[in-house]
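If you scroll down you'll find the structure; I have some questions about it.
Per-chain numbering from 1; labels A, B and C assigned in written order.
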Amino acid sequence: MLQVEGLHLRRGSNEVLHDIHLQLTLGQVVGVLGPNGAGKSSLLGVLCGELAPDQGHVTLQGRPLADWAGQERARRLAVLPQVSSLGFSFRVEEVVGMGRMPHGSGQVRDAEIVEAALRAADAWHLQGRSYLALSGGERQRVHLARVLAQLWPGEQGTTLLLDEPTSMLDPLHQHTTLQAVRRFADRGAAVLVILHDLNLAARYCDRILLLEQGRCHALASPDEVLTPGALKAVFGIDVLVQAHPERGHPLIITR
Amino acid sequence: MMRRPAALIALCAGFVLSTQALAAELPQRWVSAGGALSEWVTALGGESRLVGVDTTSQHPASLKALPSVGYQRQLSAEGILSLRPDVLVGTEEMGPPPVLAQIRKAGVRVELFSSKAELDAVDQNLKHLGQLLGAEPQATALAAGYRQQLDALQAQVKHAQAGQKAPGVLLLVGHAGAKPLIAGQGTAGDWLLRQAGAHNLAEHQGYKNFSNEALAALDPDVVVFSDRALADEQALQALLKENPALAASRAVREQRLVSLDPTLLVGGLGPRLPATLRSLAATFYPAAKGSFAQ
Amino acid sequence: MRQRVQPRTLIICLSLLCLLAVWLSLALGPVSLPLFDTLRAGLRLLGLPIAGDGLQQAEMILGQIRLPRTLLGLAVGAVLALSGVAMQGLFRNPLADPGLVGVAAGAAMGAAVAIVGGSWFGGMPEVLAPYLLSLCAFIGGLGVTALVYRLGRRDGQTNVATMLLAGVAMTALGGAAVGLFSYLADDATLRTLTFWNLGSLNGASYERLWPLLMVATGVALWLPRRARALNALLLGESEARHLGIEVERLKRELVFCTALGVGAAVAAAGLIGFIGLVVPHLVRLLAGPDHRVVLPASLLAGGVLMLFADLAARLLLAPAELPIGIVTAFIGAPFFLFLLIRGRS
C-alpha cells in the first residue's frame, strides 16, 4: 500500500502541496480532483518518487519509497503519465511488452499477459500496428495496456497511479478505460487516478481527494465530497447534484 | 705481343660490363613526389624513368600524363606499389610517415631530398639525384649553371640598385582571388622576392592572412600574385575584385602587378626559377630592364 | 504496416555481407594480385604451411597494408555505428548523431593541438607522432564530452536538452579553436590538419589498431547487454524509471561509451561522419527499433559500410586515394536530407 503523511512540497517560494495525508488501500480507487494548478500532478510526482518532498515521507508497504530497489518497486508500483513522447516505430505489442521488463516471467507468459492487457484496454485490435501510426487516443490505450501488463493481474500489494488517462479519449473509451481500472482494483490493486471529469470521478471512484491550491479540501466518498458548496468553493461553478437514476452515484449538473 | 689487344679487349669489355652492372644497380622505375624534384629529374634526363608522380608535379606538361599517386602528404602505399617502382623520391614534405614505412618494408628505396629554400639544398639534391640517375657529370654541370645564373642575377640586381631603391613588394597566394595568403619571412616566396632584389614588406613568419586594411596600409610598390585556381589575367581580375582595398595601393595605380606560377612555391627550388627571377627583377627595376633579359 | 525483416535473417545476411566485404577488401586494391596468390598468402598469414616462393609481394601487401586496413575499417565502422545507436537512445531521437555531444569537435581540437603544437616544438620523432596525435584526439573528445555531460547535470539528473545545446556550443568553440590553430600553423601543418579533417584509413598499422580494437570490443560487448534498458529509455526517462531502470546510470554509460568509441575511432582514422546516423537508421527501417536487433545489426552494418566506402576511396582514383570522409559524406548527407524531407510529409 502506498501511503503519504504530512507531505509538504515547495517549488521555489511557492508551496505546491501543504500537509497532505493519503493512504491508498487495496481494492480502492481514489480519484484526485481539483482546478489547474491545484497540485494534482505534483502529488502524483511525489507518490511515484519523481519528486522529493520537502517534508513528510512516502512509504510503500511500510518501507520508505526511496529504499525500494528499482525492479522490486516496479513490480508493485506502475505509473501512467499524461503524455508520452515515444518517437520510434515499435509495434503495439512491443510497447506493451516493455511493461513486463521488471518481471522474469518468460516469453510465453509475457505474450499471454500482453494480450490480456490489450484486451482489457480495448486495444487488442491494434496489435501488429506501428505505434507511430496510431491516434492520440489509441496511443493512450496502448500505454494503459502497458501499465496493466506491468502489474498484471493486479493483485493485492500492487499500486497503479494514473495521470488523466481519459484526456484524449472519446466517451466510449473513457468508460472502458475506467472500467478496466475498476476491474483491476476489484482484484485487489490500489489505484489513484487524476481526473478532470467530475462525473467520471463520481462514478468510478471509491474515494475522492479534492485539492485546492495544494491543500486537501476533502477526502471522502463521492457523495460526501461532491457537494454544490464544495464545488463552488473549489471550482467556482454553480452546480446541481442529483443521484444517477440507474446507478445512484452523484451526478453533477452545471447550472 | 698478341696478348695486348686481348687485354685491351678484356679491359674494354670489363669497362662496358661494369657500367652495365652499375646501370643495373641504378633504379629504373621512379615515383616522384614534389613538383621541383620532378622537374630536376626531367632536367637530368630521367623523365623516361618516371612511372608515377604526385599532384604537385605539373612541369613539364608531359608529366601530367603519368599516373598520379595523389597529394604528396597523403600518399597511398598500395597505389605506389602498384606501379612497381624501384625508388620513391620526395622531400621531407612527403607523407604520411606510416605509408613511407610500409613502402620501405615492401623493399622500395625511399630517397629524401631537402625542400629548403637555399642554394646549398639545390646543390645537395642535384648531387644526390645525379648519383641515383648515373648522371653525375650532368648534375654537377646543372648545379654549377644554376649557381652561376643566380650569382649573375645577384650582380645585376646590385647594379640596378645603384640607380633605384629596392621596391617594397608583397607576394600574395590566393585561390580564385579570395583570402590571399601573404608570404612572410622564411617562405619560398620570400626567398624568391629577395633573390629578385625586392624588399618583402611582410615581417611575419610563414604564410598568413591579412586584413584588407593591413594590406592597404603596407602600400606595396609591386604586388606579385600567385593563384592556385586561375591563371594570369583572370587571377588578377579576381584578386582585385575580392580585395578592393588593393586598388588604392601604389602597385595597382601604377599597374605594377606580376603573376607567378604557384607550383614554384612548393617542393623546394626548381630549375624554372632563374628565368622567373629574371622577369621578376625586370619588373622590380624597370629602368634596368634590359640588363635582365637573356 | 511495412513488413519487417526477421532479426535472424538480418543478422545472417549482414554477417555474409561482412564476410564478402572483408574478402573484397583483402582481394582488391591498386596492386593487382592474382586471386590464387591472395588466397595462398592469406593462408600463410594464418599460419598454414604453404610454399611461399613468389608470394613475398602478396604477403607484404596483404599482411602489412590490406589486412590492418580492413581491420581498421571494421572497427571504426562498428564503433561509429554503435555510438550512433547510443546517442539516438540517449536523445530519444532517430536523427541524433554522436557529433552532437561535441565528441568530434573535442577530438578535432585535440588533434589540432597535437599537429600544430608538434610543429612548434620543432617536430616530433617520426615514430611518436601518430601515437601522440591519437592520444590528443582521444583526450580532447573525452574531455569535451565529460564537460558537456557535467553542464547538463542538475540535482543529480541529466537534462538532455541542455546537453544538446552545450554540445552545439562546444562544436562551435572547437571549430573556432581549430580555426585559430590553422591560422597559427604554417602551410605544411595546415595541409596535414585539413587532410585529417577528412578522415582516412590510409597508413593503417597494427600499432595504431590495438587501442581502437580494445575500445571497440569493450563497447560491442557492453551495449548489447543494455538493449532492453535502452528500449525502455525510448519510452521516456520517467517511464523507464518506473519500469525499474536506473536511468541516470544508463545515461552516464551511454555518454561514456560514445565518447570512448568515437574518440578512439577519430583518433585512429580522422573525422569520418554520418556512419552513426545512416547505419542505425537503415537497420531500423529494415528490422524495427528493438535494440536487441539494432545493436548487433548496426555493429555489422557499420563495418560493412565502412569497408565498401573504403573500397571506393581506394579504387576510384587509383593510384591516388580519396579521403574516406568524403565518400561517407557523399553517402550520408543526401541520405540525411532525404530523411528530413520524408519526415516533413
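We adopt the following convention: a residue touches a chain if its C-beta (ideal position, glycine included) is under 8 Å from a C-beta of that chain, and two chains touch if they have at least 3 such contacts.
Source: prediction; values computed, not measured.
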| item | value |
| --- | --- |
| Chain nearest the overall Cα centroid | C |
| Chain of greatest Cα-centre distance to chain C | A |
| Chain A and chain C, separation of their C-alpha mean positions in angstrom | 45 |
| Centre-to-centre distance between chain C and chain B (centres being mean Cα positions), rounded to whole Å | 40 |
| Rounded Å distance, chain A centre to chain B centre (Cα mean) | 81 |
| Residue list for chain A, restricted to those that touch at least two other chains | none |
| Multi-partner residues of chain B (each touching 2 or more other chains) | none |
| Residues of chain C engaged with two or more neighbouring chains | none |
| Residue numbers on chain B that touch chain C, as the complex places them | 52, 55, 67-71, 73-83, 93, 95-99, 101-102, 105-107, 181, 187, 205-209 |
| Residues on chain A engaged by chain C in the complex (per definition of touch) | 48-50, 69-75, 77-79, 81, 84-91, 94-95, 98-99, 101-102, 128-130, 133, 150 |
| Residues of chain C touching chain B in the complex | 29-32, 57, 60-61, 64-66, 126, 129-130, 183, 186-188, 191-192, 195, 200, 202-205, 208, 314, 317-321, 323 |
| Interfacial residue positions of chain C with respect to chain A in the complex | 1, 92-94, 228, 231-232, 234-236, 238-239, 241-246, 284, 288-290 |
